Each structure stands twice: as structure tokens, then as C-alpha cells.
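Listed after this line are the structures, all set down as C-alpha cells.
Next come two complexes, and both contain subunit A; in the first it sits with subunit B, in the second with subunit C.
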Partner chain A sequence: MAFPSALFIFVLPLFLVISPTLSTNSEGNALHALRSRLFDPKNVLQSWDPTLVNPCTWFHVTCDSNNHVVRLDLGNSNISGSLGRELGELKHLQYLELYRNNIIGKIPKELGNLESLVSMDLYGNKFEGKIPKSFAKLKSLRFLRLNDNKLTGSIPRELTKLSNLKVFDVSNNDLCGTIPVDGPFGSFPMESYANNKLKGPELKGLVPYDFGC
Partner chain B sequence: MAALWLLLGFLSLFVLSSSTCPDHQKQSLLLFKSTLLNITRTTNDSSSSSAFGLESWNSTSDCCLWDRVTCKSSSSSTAPVVVALLLDSLVSTDQPVVVPSAVLAPLFRLTTLMLLDVSSNHIQGGIPGDGLASLTKLVHLDMTQNNFSGSIPPQLFRLRYLQYLDLSENMLLGGLSQQVGYLRDLRTLKLDDNFLGGSIPEEIGNLTELQELSLSSNSFSGRIPASVSNLRQLQVLDLRENLLSEQIPSEIGGLSNLSTLALGKNKFSGGIPRSMQNLSKLETLMLENNLLAGEIPSWIFDIKPLNILFLGGNGNMLAWSNNSVTAPKCMLSQLSLQSCGLAGEIPLWISAQKALVYLDLSKNELRGTFPLWLAEMDLGTIILSDNELTGPIPHRLFQSWSLSILDLSRNNFSGELPKNIGDANGIMVLMLAGNSFSGTIPSSISDIYRLLLLDLANNRLSGDTFPVFDPDAFLAYVDFSDNDFSGEIPVSFSQETRILALGNNKFSGKLPRNLTNLIKLEHLDVHGNEIGGEFPEFITEMSSMQILNLRNTSLQGPIPNSMSNLKALQILDLSGNSLTGNIPPGFGNLVGMIDTPTKFSSISSVFTFPVQYIDLIVNWKRSVQGLSSNPSIDLYSLLDLSKNQLSGKIPASLGNLKGLKILNISSNSLSGNIPDSFCGLENVESLDLSHNNLSGKIPQSFEKLQQLAILDVSNNHLEGPVPKGGQMDTMNDPKYFANNSGLCGVQIGLPCPTEPVKPSAPTSEDNSDETNELRFAWEGAWFGFPLGFCLSVIVILLTGWFPARASSPARRGRPRRHAPSRISVRRIGS
Partner chain C sequence: MRKAMGNLHVATLLSFNFWLLIVQFQLCHTQKIYSNTSCIERERKALLKFRESLIDESHHLSSWCGENCCSWEGIGCSKSNGHVVKLDLHNQFPFDPSRYFYDVIYANSYSTTCLGGEISPSLLELEHLQYLDLSMNNFSGIPIPTFLGSLRNLRYLDLSSAGFEGMVPDDLGNLSRLKYLHLGDTPQGWSFGSDFTLTAKDLWWIAKLSSLESLDLSGVQIVNKGDWLHAVNMLPSLLSLTLAGCDLKTIPPVSHINFTSLTSLDLKGNGFSSPIPLWFSNMTSLMNLHLEGNYFFGPIPDSLLQLTSLTLLHLSSNSFRTSLPDSLCNLSSLAYVDLSFNHFQGSLPVCLGKLSSLTILHVHSNEFSGTIPTSLGQLTKLQRLRLADNPFTGMLSDFHFANLRELKILDISSTLLSWNVSSMWIPPFQLQYIHMGSTKLGPPFPSWLQTQREVNTLIMSNASISDTIPDWFEKVYSQIHYLDLSTNNITGKPPVFKEINTFDRLIIFYSNKFEGSLVSFPPNAVAFDASRNLLTGNIPPLDGNSEIPLILRYLHLNDNQLTGSIPDCICNIQSLFTLDLSNNQLTGRVPLCLGKLQQLKTLNLRNNSLSGHIPNSLGYMEPLVYLLLSKNKFHGELPWKMQNMKNLQVLDLGENGLSGILPAWICNGLSNLRILRLQSNNLEGNISMQFCHLKDLQVLNLAHNKLEGKIPTCFGNLSAMVSTESDITPFAFYLTRHPQKLSNFMKGRELEYSTNLPYLRSLELSGNNLVGEVPEELMDLVGLQSLTLSNNHLSGRIPDKIGNLKQLESLDLSRNELSGSIPLSLSTIDTLSYLNLSFNNLSGRIPTGNQLQTLNDPSSFEGNSGLCGKPLLKTCPDDKSPDGNKSSGRHEAGEESYFSWFFAGIGPGFAVGFSAVCGILTFKKSWRYAYFQFMENVYNRLWLAIALKTSKLQRKFSRCI
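Up next, the complex of A and B:
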């Protein structure tokens, strides 16, 4: 596979480019802002050194060949604290894996700005509040797992526009209203909705989708 | 320290009585001594009481006459009591002793103590709050340079006579309580170098006697409380290296006694407050590495006592008005204007700063040549890196014994390196990387016996002869990468050499055997040279090696199994060679790749000067990254054997390497199964097995790889399901699974024969017969499900609601039932 060797040829110009971009490391700044909100008893964020030219060598962060952050893998990391709007700065993020931690607070609506997102795994935390309607902007999203949190409100109907969604799980929350049936929601198993206050599939024209909320 | 001597002087005014000290105090001190001795004896056999400086402490003499003990009597008629204990540095630093904080317990019976100094003693555990609370007369408490952990006990804030409190250089956690405001007599508060966070309490403003407030190197956040304006006596305010933000409060300008204001390395924003021009006693002003913006006010240079000035740096967007400063009234000794937007030539007014020893003008837009007047100033430190300076370096610069740091990296300097470079024999750090220097390395450079760091990378230097350094020289870091050097690999360096980077030159021939003379070598990088021949087995004798990069060096033959001797090896890159044979099973014993490193002991910590070097370039999770600039490089562990001709099975022992972050064995001819033991790679983030002849299944145990971010198994002969669970659920990029013999899984949209599938997945190219059978089986569901669903809907309509967990037969991955179900609902509803 010629992929890495081709890149090595460009190593020199690459670093000439990186060096002057110290002050414009917005993705690194966003991640560092995230770090400052989190409590990290297992020191999994130890390698997150904000003085580096980019966050690409930080553990649990993966970049593409243009040094844009594409993955954030912090599942099962014992981290607590809350998320902030700065995560919305990671415009190239494809995988947001924060499952099975102790993160509290609302899911920032700015996550809807992550338009390259393929997978968002926030399950197994203590998120509260509503599922942001802004998620409807995540056109590439294929996996959305929000189960085992304390989310309330209804499942936003806007999410039925997510035509690429393959896996959707909101079980074990405090959601109310009815279950959407449009778009990809026709194919998700009932387990995805278990242990909520949901009132069964949406009955078009009979009851509003947030009936009982 | 000054406060301590004042206090001792104050104590000496009292009559030192000749009568003995109270017996209970003596017994407490003897108990303290024996406890301490016991601890060190159990930890270290050879230690004796002489290590403690407590020789004079014995039961037969008056404890008031002992070393480190001061007594006083309040009048000639009363008996003397112990008032001061100077118990600093009792435990010598070269023995690894663990001293629990309980050792202090006997001291808390000396309730007459006014001064207690237990600094530099390796004490661990929580600060004994209850014990200290009994020392109600304490005026001076110094616990710096220990390993105290936990939070600051609130009892400390009840010691109402406290004037001096130093808890710096420990491992304290938590916040600074608002109760600190009770310590109204406090003159000095030092909490530097801990892990303290939270906001600085508003009550700090109650400490109106405070002269020194030093909280540097913690994680304090939020703003500087406006109440600091009450601290009229404050002379030193050091808040460097925290996370403090918002504007610098203009109230700071009212602290007219301030001589040191150090706010560098925070997140302060806004401009430099105008009120600061009232700080007429200011000697040190450090505002570097914040988020400050606006123009650099010229009045800064009118503060006459100003001596040390650090502005700019990472993050700040301060703008230099190029004609604002012409004749400063201050005489600076240190000046840093990093990233301040300086343009044009190096400003001439600097030449009038006759006291200057340190000058940092890096990361600006300076043009023109290196001025002769600057060479003639005989500075100690000159940092001009990352500018657009051109021309040669003047010879005059090296006619100086003062020069100790010269960093001209990443400019457009050219010409040959001056032959007299060795005359400046005080140079410790010489960084000339990223310029257009040509010619050979002057042989006189080996005369610089203090040289620690020599970075000549990324130039056009050439030649095949190299200066011969004294084996006893200090040189620890040599970087000649990315030049046109030729001939044999040079090894005539000091025995202190830790880093030797010679990559991307035109060196040829085998690695010389006497490389092993560099007994402390930790980092060897010779990638991209034409070395050839068999893998040099003597390298496996270099036991201090941590980083070995032999990428693209035309090596042939087998990898020696004795590689496992390199116990410290953390990063090994052998990619792009012609290595043959098996992957040695001994790799599984590479301790440096097994233990997860937790501490920083990186080479860059050798230098107090901020060293940034980029020469270790690796394939890091599929993006090319320079790891050497990372001060925490010791945390990294990777093994790259890709692009060779390795064959045979993957040794199961590789699964032992649980410290590895990256394992790349792609593009070889490896065969057999993926070892189940790979689930032991618990830290691995990128695992590349692609382009081999691997067969069998991907082990289900891969679900245990909790850190996995990239898994590439493409271009093998693998079959069966892609494991599910944990991070494997996110391994859903089909290209990393392509070109195998029948991999399947919901992640890649190729349904497996054994699991429920969506019939609507016709994207797969290699649909096997089983898949077709399965699709057929599901056709039944197409008919059956709508029927059942209609019944359910009828129930809904009858009962009014339907708990979601009802006995629905639906399972994950059921066939598409959306269209029929909705039609059913409508039909019934209409």
C-alpha cells in the first residue's frame, strides 16, 4: 500500500506548513477547552498538551491526513463533567465516542454542527435535557446511540430526515411522546425505545408526536 | 526566605536560657527522630542517622542546644520552650525514601511552636490538618517540596497568627477555600506547583498585609477577583501557568508596591490595562502566552525600574506599533517579544539596552540580516527563530564567551557556518535548523565543551568528515537530519549523547560497531539513508535505547530475536526495508512496550530552555506526525514493521505489548490467524494488519480493545463476522475490511448469515450463497410482520396507549417494515 510512503515524501513541506499554524489550532483549542470541563481520574487526557502544533498526537484523538480531527474516542474512560459548545468546532469529526462515562448536563446543541459525523455514541452517561433538534443537520450520521442517560422530552421529528441513520438507540431514558415512523425510523427495533415513557408508534393525524409529554 | 530570617532574628531577641527544655518536648522530638530513622532503615539498609543532620538529638543533652531547634523563654523567670524547628532536607534526595506524613505526629505536641519548616523531605500523604491545628501559635509554616497530596485542610485557615504559609511544590488537589480570608496576618502565601484548581476566592482581598501571593503552575481558573485591589502591600503577584481568564482587572494598577507581576501562560483576554502604567516600582512584567490583544502600549517602556519584560508568545495577539518605541526609559536585562508582529529589521533601540542578556524575538516578521551591533552586544541568549532573516551569521557573534543559547531556527540564513564558531565556548544550545546554511560543519564546533544541544537539521550542509567531540563532553542532543551529509554514519560524539538524529541524508554503509560507545543513547534515528546489509545485531546491546528509527534504510535479513534485550525500547520503526523471516517472538518481552508509561522524563526536560524539535516523524494513526516536539513523548509507544517481507505466523506474544498505542505490521507476507492474544493490546489505538495473507476470523475478543480507533484488516483472506461490542461497533469504514474472503457485519453493511439482516443491503459485492438464502428466509417477515403490526395497532386504538416495552417480537436489524406498517396505520385510521 503506497499510502504512507507517499506521505513521507511530503513530510518536509508538511512541517513547514504546520509550524506557522501554531496560533490557529482551533481544533486543539476546542479539545483543550473540553478537557478543562472534564474531571479525569484515570488521567486518560494526560497526553493532551495544548502547546503542540496540533492535537493529532494526543491519545484518543485521531486526525486525517490534513491534520483535522476525525475521531474522539473516550468511551469507558471514567471521565465526568459536562460538554460545552466548543465541541461544535470540530467540523471534520466523524466519530464522537463518549460512551460509558459519568458525563452530566445537557447535550450541547452545537453538536449539530458536526456535519461530517458518522457515529455519535453518548450512551451510558448522565446526560439530561432534550435530544437537540439540531441533530437533524447531521446528514452523514449512521449510528446514534443515546441510550442509558436521563434524557427527557420527545424524540425530535426532525431526526426523520437523517436518511443514512442505520442504528438508533434511546432506550433507558425518560423520553416521552410517540415513536417516529418516518424515514429510517421505520426500521429500528423496539428495543431502541425500551424503558422510556414513550407511547408507541406515532399515529399520523391522530395525536401530536409529543402527546403525553 | 527573607521572612524566615527576619523571624529568626526576632526570636533571637529572647533570652536563650541555659536550663533544660521541658522533658515532654524533648521526648516528642526524640520520638520524631526515631520514627524517621525507622522509616529510612526499612526502606534503605545502608542509611544511618548521619543522613538526617539530627546527630545532636540525644536523650542526654538539653534539647534547646540541639541543632535545628530554637528555644525561648518569654521572660527570665519562666522556663524555655521550643519555638522553632528547622527540619528541612532531613532526608537526602539520592535515597528513594517514602516518608508518610504520620511521621510528623510527635511534632504536634510542641504547642509552643511558632516556626515549623519541614520542607524538602519526600513526605507523602495528606497534610495532617488536625495535628497542625494544635500548633495555634504558628507564625511561619513551610511545607514546600514534599509530596503532600489531598486537599488543603481547613484547619490551616484557623492558625490566626500565621504570617508565612508555603505549601508549594507538592501534589495538592482541590480548590483554595474562601476561609483563606481568615489569615489576616498573612504576608506570604505560596501554593505554586500543585494541582489546585477552581477560582481564586474573593476573600483573598481580606489579606491586607499580603506581600507575596504566588499560585503559579496550578489549574486555577476564572478571573482574578477584583478584591485584589485591597492588597496594598503586595509586592509579588505570581499567577503564571494557570487557566485564569477574562480581562486583567484594572484594579491591579492600584497596587503601587508591586515589583513582580507575572501572569504568563494563562488565558487572559482583552488589552493590557492602562492603569498598569501607575506601577512605578514594577521590575518584572510577564504577560506572555495569554489571549491578550491590542497594541503594545509604549508606556511600558517608560517604567524606569522595569528589568524583565515578557510579552507575546503563543495565543497573544498583541500588535507592535513599529514606531512606538524609540528610546525606552527602562534598562532591560531580559526581553521577550515573541509573536508580537514585529516587522522590518531587528529594532535598533535594542542596541541601547546595555544591560540586556536575554533576547527573544522569535515568531515575528523580521527581515534583513543579523545586525553587527547585535553580535557586538555579547548577549547570553539570542532567540530569533521563525522570522525571515537572511544572509550569513556575523563572525563577531562567536567572539563572545557570554553566548550560551543561540536559536536561529527557521529563517532564511545562508552561507557557511563561521569557522570560528568554536570560539564561543560557552554555548550550551545551538539551534540553526531550517535555514539554508551550506558547506561543512566547522571542526572548531567540538571545542565548545559546554555544548548540550546541537541542531543543524534542515539545511544544505554537506561533507563526509565530522568534528570529533571529546567523549567526556556534555553533548546530549545531536540533530543533523535532512541535510546532504555523506560518507559513513558519524559516531564521534560524547558519551553523554542521548539523541542522535541523522535521518534523510546521504549516509551510506553499515552502522558502525562503535556506535555502542554512546552508552546513554536513547534515541537513534537514521531513517532514509542507504545503510543496507543485515540488521545490525549489536544495536540490541544498547540497553538504554528508547526510540529506534531505521525506516527506509535498505536493511535485509531477519530481525534478531535479541531485540527483546532492549528493555527500554518504546518506539521501533523498521518499516520500508527488506527484512525477511518471522516476527521474532521475543518482541513480546519488550518491557518498554508492555508497561504503560505514566511519567514524563523526556529529554526536553533536561533543558530549562523551551526546546522544540521535530525530527521523529512516524506514521501515527495514518497521519504523518512529528512526535519529538511532544514534551510527553515518553508516553508514546509504537511498533511499525510494515512494508517488509516478513512471513510466517504472527507470534501470539505480540499480544503482551499492552503499552503499545500503534501496531503496524501491514504490507508483509504474514499468514495464519490473527492471534486471539491481541485482545491484550489494551492501549492500542491503531492496529494495521492489512496487506498480508492472514486467514480465519477476526477474534471476537477484539471487543475488549477499548482504545481502538483504527483497525485495518483489508487485503487479507479473512472471513466471518466483524466482532461487535465496545469500540468494534465504531469500526465501520468498509475500506478497512475490503478485499477479504467474506467478512460480514452490521458495521460494514454486509449482513452475516447467522444474524438478522436487512434485506435492503444489496451493496455488497461478494454476496455469498448463504446471504441469498437468508434474504429468502426474511421474505417471510415481509408478509408476517405487517400482519402482526396491524393487530398491534388495533390494540393501540382500543386501549389508547401502548407501553414501548410491550411484547414486540421485533429484534435489532429486522427487515424493513416501515412502509407496510405506515400504510396499515393509515388504512385503519382513515
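Up next, the complex of A and C:
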């Protein structure tokens, strides 16, 4: 077919429209990635449709008025599997409620990126490995419950910087070393540390905090 | 793809009528090859008798008149002795399986062209018959006549796709001269969807047909199939073997095969689950190999790669999880390669470019990766290239297409490929089908598309195009059949389309930035979706040309900025299934004539500025399933005619100015309702008990009206809200192109639900004048995710059984007159993420528990002067200390608490006291070791003593309390 090639020399100017940054559904993607790691026998995650513009109508997910995810409520939901680094994408998350499930593996250090977090309830699972030092970045954290897991290692001293921490519970794990005494750690009851291999309070200058680890 | 193929053969009714004309014209004038020979009377009579028992609706056999039966339609006589040797009555009407199943008109036309009835034994008079073909007819389930086994001279027998049913008679095994035996079903397709199934008890009767060259038993169910291969192995002359869809399951082992001359082997759809057998290498003449639709796995064996005559290799829909060997390229005759729908891995071999005969290359829906070899550009005969749905990466350049002059179909959708061709590129091909959806195509609009003048399908959805639609687009693509530009950032005026002769035109460009007004609807489109753009102006008038039947079924103009009123002419599109004009700025009244849209299933006019009454005529739209008119300015009462809308599942009339008594007829007439939203109107009266009859109701929103009286106790019977089933009937979203959106007030804000709507169960009665107690029966609605009763005058206690609502995510009972304590059971709802009990008269301690301790916003409880405990600042009278930070989300603390905080103070003391010692220890290594050894012992002993003492003390202390 004959098409005048001259026309191509004057191909209509193609305006390169610089698209405004599309509000991508990164939080939805993160949650969807989480779903793909989890086994969900009770089908509590069936409403998690990744094709929606945001995850705000997914059950067990709550958003603020800007459609940012602020709560993830999956306590006692019979889910198993492990967590991944993608949870760190939920920059506006305030409540991470994953208590009393069968989640295994390490606590991702990326959870330390959840700078708005007020409450992290991971108790009653099968988490192992160490408590991430990155939790020291959770400046708003008030409730941190990690009890009834299989966590090992020592309580990171960096957590003493969490000045808003009101509740801290690591009982029934396999933690070792000594118990911090600085910052909010001066006021937590002893029950919070029960059933570990902890060696008593930190004797500063005398005993290294990972004494006995 | 089916759509594209449909487009490729645009065989319409017109051609059918034309064909009929030709047939009629040929009546009694047929010129047949053996027409000069005169006919033997006995055979003529036998043929007439044979015809008598046939049903011949379209008069194929009307030429069977006169003395010379050798000149009749379908009859052939021997030149030497005049005997009838050939009877060919196969249906010549072109059969298209996909049309047959989806196009009722075509299916009916086809059916009338079929011969039916009985097969008369008078055929036995035709002793010299060598050729019998009754294929592609419809004998409606009669068995294959046993007497056919007595036609000893038969060489050719074709009864395929002719509607025979039942056992295949073993007697056919007596036809020892048979070279061609076809009994199979639908030879073109491989969905063996025929109503009639033939069965054979085994295949051993075939073993006697030693002259057989072509055998087709597709779709025949074989009862004893274990040794099928051994029976077939008795046929050394076999050239073509087709056993498609016979459900053979296994390929039995054989030591050697006898049918080494085979040129065509078709074993598709048999459920074989094994590697490809080694004996395949002995079929050295094999040209066509169909193995698709099985579960073959393993590597592509060398045995296959030695078949150098192979021209067609169809391995689609198997379980291959291997990479392609380079030796595949030695099969230089290959013309048709289909490897789609497997798990093939690795990259495409570069040497594929050597397969110079290749016309079709289908590798889509695999796990191929890597770049596309540029050598593909040397495949001068390539017509179809489908790379879609593989994680291919890299660039496609003009080299990839350098010599693809014959290419008609190109599908690179859902790959990670991007384009690197100059804006001046003139491709060598003229494509008909282009699918580049879900690839990185943009940002500029691909300018090479302006050279493509024969395209009937162009799919470029979700292709990252951010550009103005080029001026040439309308010129080049105005006659396109299927266009999908959705989900890009294309700006400019929406293109205008010209009339074409088709019944399946789809024009889709939702989610772009097209602006300006719509000039016209695309003529003869079935679906037109311009939603979610920036379109302004009025809804265009329909074209005056009444010649074209209106076949538009889906019209989506929602989420634009359209103004003006809804034109009356919309009512003329009586084919409409879906009319979605929501989220525009339309004004004026709803056309009264809308009731004429008798096919309409979805009417969405939500969020406009429409006014006036809701017309009574809507009540005549009986098939309507979704009626969404919320967020407009409608006033007046609900038209009572609406109770005729028996199929209605979603009725959304919220946020209007509707008034009058809340009608009870809703419950009687609209018994299939799943979602009822009447909120924010001025409806009055009581909530009728009749609402409890709505068994499918899962969302009820009557909030913000002027309703009075009590909440009916029978609400506990709303069985859809009682159900916690997770497998819920989805809404019939297929009726629309997008799931319909609905907002629901939940968790203190308005949330817009679409695909999740089927899962939602919500009861909202807030903002009325309801009195009385919260009925205990509401606590039976255990499927509820949201319960909102705020802003009423409800009194009494919160039912103790509130903890039954285990799915509840949002509970709002605020601003009522509720009293008493908050039930402890509330703490057992693990899903609760929003709680508002504020401004009631509640009292006592706020319960704590797993989830309640995360709902720590004091505003949830404020305005209840009697409440105390966390998260309020007010402590309860029986609290030990205001600082009792008990974490209740844990098991009972261990009884043995090793030490007390008192002793923690010792630490700094030690530090000061021994700082001098430490100084020495830092510098003297041996002292250091000794000291720490000592210290550890001391410390351990000290710690033990302290621990013992502490626990004693503590026990004593707790006993005192």
C-alpha cells in the first residue's frame, strides 16, 4: 500500500504530557503481598481485591480520610504464614493487630518504618528471631505486645528511646540478657518479662546487657 | 481471540441466504460427474425408499426426481457398469463451532440445513456402494445402523458429526476394504459439546480393517480403553489417526509400532499424563501432531525433535515446564507451532529465525523470559505471533519485524516488553489484530499505528500512554470493530467512528483524559464505554439513520462532566442492558419514556442534579436488577408502580428529597432486594414489620429520615444478615462492564464499595426518632460488619449478647439514651475497629480485652458521666492505682517473679561504689578475669537470694489484700 512517506516527516507533534504523579495503590499492593504470604482457612481476606483503587473497603482494613491505611485488624483470625518486608510500606499505619494467629518466621525489620504506629500487637503467634532494633524508630508507639512467641536474643537497648511506650510485654518468649531500665522501661511491671531467660535488670557499667546470651 | 476470529470470518446471515438461493437454483439442474451413465432401476427405487425415511427440511434432495438417478444430487455411478458407487449427502453449510454455540440465529440456520430421520435398510440394495458420506447432519441420536457392516464394498465411510448415538456396531469391522472411517464429532473444534455420544466397547473391531488409511473416532467413548494402542497398532497402512477427546487417559507401552507411515496424529484432549513416548520417533513421515489439552510433561523429547517432516506442532495446554531446546530449530518444515498455556521457561531460542516456513507462532501464557530474539524478524511467512502473558523483557525494535510482511496478528499483551522504534518507522506488515494491553507502550501514542489500514482489533489498555490522541487516529481507525484504549492518560477529543457492518463492535476508552463533547455514539456498537474521562457538554443525539438497528447494550458515560438533561432519544436504544450516567452534572427530569427500555438490567443515574418525581414508568422495567438514583434532587413519594420490579436486587434512592410514609410495599413487591438505601430523605412513619420478610437483604440503610417508633424485633429474621457464609452469590456484575459502586457509612466515614459489595452486611438506622430498646434479636444478625443506630432516642441497656456479632468492624450507638454498663462481651469482638458509645447514660467500668485495648480513643466513650477506666482519665473507685498498666492481652503472668524494682536501684549504687575498682580492672587483665569470675558467682547467689525473698514478700503482701 502506498502511503506518502513525506507525511511521516511531518508526523504530528506528539505532546509529551507529563502525567501528574498517579496516586498508586502502594498500600493496597503491600497488603495484597501480605495476603499472598498468608494461609487463610477462614477466608477472612476474601474481600481483599487488589484491583480496587484503594484498600479502604477491604474488611479488617481501616483508612483515614485521606484513604491511607491506619488500622490492620486481623487478631484471632486463624491465619498462618509469615510476614514480609512489604508491611513497611504502610507509612500511616497506627494499629497493627495480628495477635493470636499462627504466624511464623521473623518479625520484619521494616516494621520499624511504620512511623505512625501507636499499637503493635503480635502476641500469641510463632514469631522467632530477634526483636528488631529498628523498632526504636517507632516514635509514636504506645503499646508493644510481643508476648507468647518464640523470640530469642536480647531486648534491644535502642527501645529505651521510645518515650511514649506505655505497655511493653515480651513474656513467654526465649529472650536472654538483662532488662533495660532507662526511659519507659523504668515503669513496666515484671510480668511483662516473665518466662524468658532474662537475667534480671541491667546493672549499668557492670554487666553487659546481653549478659548470658 | 474468539472475537478476533469471529471478525476474521464475518460470515453473516446475508451469506447464508445467498447460499440458500444457490441451492434452490440448483434444484433438478445439478450436473454431476457421472451424470451420463443411466441408472439401474432397482437402485433408483432403493434410493427413493432411502429418501422417504429421511427428514430434509431444506430440500437438498429435491433433485432426486426423474429416471436417471446417477444425475441426482450426491449420487455417483460407476462408468463401467452403471451401479451407484457413491452416496455423498454431507451437509455443505459451513460449520463454525464457536458461532454454533453462541449465535442462536446461526445455530438455527445450520440446524435446518441438516438431514435427519432414519437410515433405511434399502441402502443394502446398493451392493456396489464404495463411498458413503452422511457427515455434518443431525440424525438426533439414532444408533449407527448395524447393516452398514454388510456394505462389503465400502472404501469410504464418513458418519462424523451426524448426531448418531449409542454403541458403534462391531459389524463395521467386517468392512475389510475400508480405507477411510470417520465417526468422530466436531472435527473443527475440540469442545466435544455435541448432545450425542457414541460409545465403543473397545477398539479391537478396528484391528480387522487392515487397509485403513484414515481413522477418526473423536469424541467416541471407549469402554475398555486399556489396550487401544495395541488395536490401532494392527493398522500398518494408517496415514491419519484422530482420537481426540476419547478420554483415553493412558498411552499403553508398546515394543514397536506398525503405523510408521502416519502423517497426521491427533490425540488432543485425552487426559494423558506422562512424558511424550519414545516411539514417536518411528513415525518418520509425521507432519501434523496435535497433543494439546493433555497433561504431558517432561522435556520435549529427542524422539519428537527427529521428526523432520513435522509442519504442525500443537502442544498447547499441557504441563510442560521446560525450556525450548535449540534442536527444535532443526524441524525446518515447521509452519504451525503452538506452545501456549504451559509453563515453558527460559528464553526463546535465537535459532527460531531459521524456521523459514513458520506462519503461526503461539507461545503465549507460559513462563518464558528474556528478550525476544531479533531473528524472528526473518520469518517472512509469519502471520500470527502471540507472545502474550509471559515475563519477556527488553525492547522490541524494527529489527524484530524487519521481514514480517505477512504478519496479521500480533499479541504482546501482559509482557514486560517495551518498544524502541522510531516515530518514522513504517512496518512491513498490515496487521488485523493488535493486542498490546498491559505493556509499557507509551508515553507517546505509537505513531507506527497510522500505517496500519486493515486493523479490526486494537487493544492498548493499561499501556502507559500519556499523549494526545493523534489526528490521524480518527481517519485510520474510524471503522474498527474492537477498540480498547482504557486506563491510559490519553487526552484530546474523543474519536468519532463510522458505520461498519458488524454485530460485535466494542468501543472502550474509559479512564483517560478525553475532553470536549461527544459528537455521536459509535454506530453499530454493542458496547460503548467512555466513562471516567473529562467529557463535557450534552449527551449526543442518536443518529437519525433508522436503517441501522440499534444494538447498543452497554452505555457507560459515568464519571465525566456531562451537562444538560437526559435526552428522550435514549429510550429508543431498546437493546440497552446497562445505562450508567452516574457522577455527571446532568439536570432536569428523568425522561418518562425510560420505561420503554425493556431489556435494561442496570440504571445508574447516581450523583447528578436530576430533579422532579421518580417516574412511575420505571415500574414497567421488570428485568431491572440495579436501580441507583441516589444523590440527586428527586422529590415526592416513591412511585407505587415500583413494586412490580420483581428482579430488583439493589435499590438506592438515598440523598434525595423523597417524602411520605416509608412504604411497606417495598417488602412485598421487591422480594429479591439485597441492598436497600433510602437514607437522607424525608420519609416518615414506622418501620414496618414487613421489612423482616426481605430474606436476601444484606444492606439496609434508612438513616437520616423522620422515622418513628421501635426497631422491629423481627429484624432478627433478616437471614442474609444472619449468615456468616463466605461464599456469597456475587452480584451479577457481568451485566455491566464495571462493578457498580455504592457508598456505605461505616467506621465513621462514607466508604465506596464496588467489588466488595457482595460481602457487605450492614444495618444503619441512625438519625431518626426511633425509641424503645435495642432489640435483643438484633444480636442474632451475626453476619453484620456494621451496626449504626446513633442519633435516635433508644433507651435501656446495650444487649449483653452484643459479643455475638463476631464479624462487626464498626459499632455506633452514640447519641441515644442508653444506660447501664457496657457488656463485657464487647471485648470478644476481635474484628472491631471502630466503636462509638459516646453521649449516652452508660456507667461502670469500660471493659478491656484483646481488641478493646486497641480502641483507646477516649472520644468513643465521652459524654457518659458514669463511665470510668481506660481509656478515659477517670479512674474507677475500685482501681488499685491510677498507673495500673495491666496488659490484658496475655496469659496469666508467671507466679515466680524473680526480683523487684527495688533492687534495680542497687545497680547505680554499685556503679558509683566500685568505679575505682573498675578503673583498675580496665587496665589489669588478670585481675579483670578473676574479678568478673567472682562477680558472676556473687551476682548469681545474690540474685537467687533476692528472688526467693521477694516472692515470699509478695505472696504475703497479696494475701493481705
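Following the convention adopted for this analysis, the second predicted complex is superposed on the first by the 190 of 213 C-alpha atoms of A that agree within 3 Å, B and C clash if a C-alpha of one lies under 4 Å from a C-alpha of the other, contacts with A are read in each partner's own complex, and residues count from 1 in each chain.
Throughout what follows, contacts are C-beta pairs under 8 Å (C-beta built on N, C-alpha and C of every residue); 3 or more make two chains touch, one makes a residue touch a chain.
Being a predicted model, the structure only gives us computed values, none of them experimental.
Participant: May I ask you to decide whether A:N113 touches subunit B, subunit C, both, or neither, giving the answer as first, second, both or neither?
Facilitator: A:N113 contacts neither subunit B nor subunit C.
Participant: Classify the contacts of A:D148 with the two partner chains as first (subunit B alone), second (subunit C alone), both, or neither.
Facilitator: Only subunit C; A:D148 stays clear of subunit B.
Participant: Touching A:T62, do we find subunit B (first), subunit C (second), both, or neither?
Facilitator: In the superposed model, A:T62 contacts both subunit B and subunit C.
Participant: For A:S47 in the superposed arrangement: first (subunit B), second (subunit C), both or neither?
Facilitator: both
Participant: Using the touch definition from the top, say if A:S36 reaches subunit B (first), subunit C (second), both or neither.
Facilitator: First partner only, subunit B.
Participant: One more residue to check, A:T160. First (subunit B), second (subunit C), both or neither?
Facilitator: So A:T160 meets neither subunit B nor subunit C here.
Participant: With the two structures laid over each other on chain A, which partner does A:N125 touch: subunit B (first), subunit C (second), both, or neither?
Facilitator: neither
Participant: Go through the superposed model and pick first if A:A194 touches only subunit B, second if only subunit C, both, or neither.
Facilitator: Both partners.
Participant: If we overlay the two complexes on their shared chain A, which of subunit B and subunit C does A:S134 touch? Say first, second, both or neither.
Facilitator: Touch status of A:S134: no partner.
Participant: Identify the residues of subunit A that lie in both the subunit B contact region and the subunit C contact region.
Facilitator: The answer is residues 1, 3, 5, 8, 11-12, 14-16, 18-19, 43, 46-47, 49, 51-52, 56-57, 59-60, 62, 65, 71, 73, 75-76, 95, 97, 119, 121, 142-143, 166-167, 181, 186-187, 189-192, 194-195, 199-201, 203-206 of subunit A.
Participant: Show me the residue ranges of subunit A that touch subunit B in the complex, using the header's touch definition.
Facilitator: The contact residues of subunit A facing subunit B are 1, 3-5, 7-8, 10-12, 14-16, 18-20, 22-23, 36, 43, 46-47, 49, 51-53, 56-57, 59-60, 62-65, 67, 71, 73, 75-76, 95, 97, 118-119, 121, 142-143, 166-167, 179, 181-182, 185-187, 189-196, 198-201, 203-206, 212.
Participant: In the complex formed with subunit C, which residues of subunit A make contact?
Facilitator: 1, 3, 5, 8-9, 11-12, 14-19, 42-43, 46-47, 49, 51-52, 56-60, 62, 65, 71, 73, 75-77, 95, 97, 99-100, 119, 121, 123-124, 142-143, 145, 147-148, 166-167, 169, 171-172, 181, 186-192, 194-195, 199-207
Participant: Where on subunit B does subunit A make contact in their complex?
Facilitator: 221, 243, 314-315, 317, 339, 363, 386, 410, 434, 458, 482, 552, 575-576, 598, 614, 617, 619-627, 629-632, 635-636, 642-643, 661, 666-667, 685-686, 690-691, 706-710, 715, 726-727, 729-730, 732, 746, 749, 758, 793, 796, 801-806, 808, 810-819, 821-822, 825-826, 829
Participant: In their complex, what parts of subunit C are in touch with subunit A?
Facilitator: 423-424, 426, 430, 443-445, 447, 451, 453, 466-468, 470-472, 489, 491, 726, 747, 749, 751-756, 759, 785, 809, 830-834, 850-851, 853-854, 856, 883, 885-887, 889-891, 893-894, 897-901, 903-904, 906-908, 910-911, 914-915, 918, 935, 939, 943
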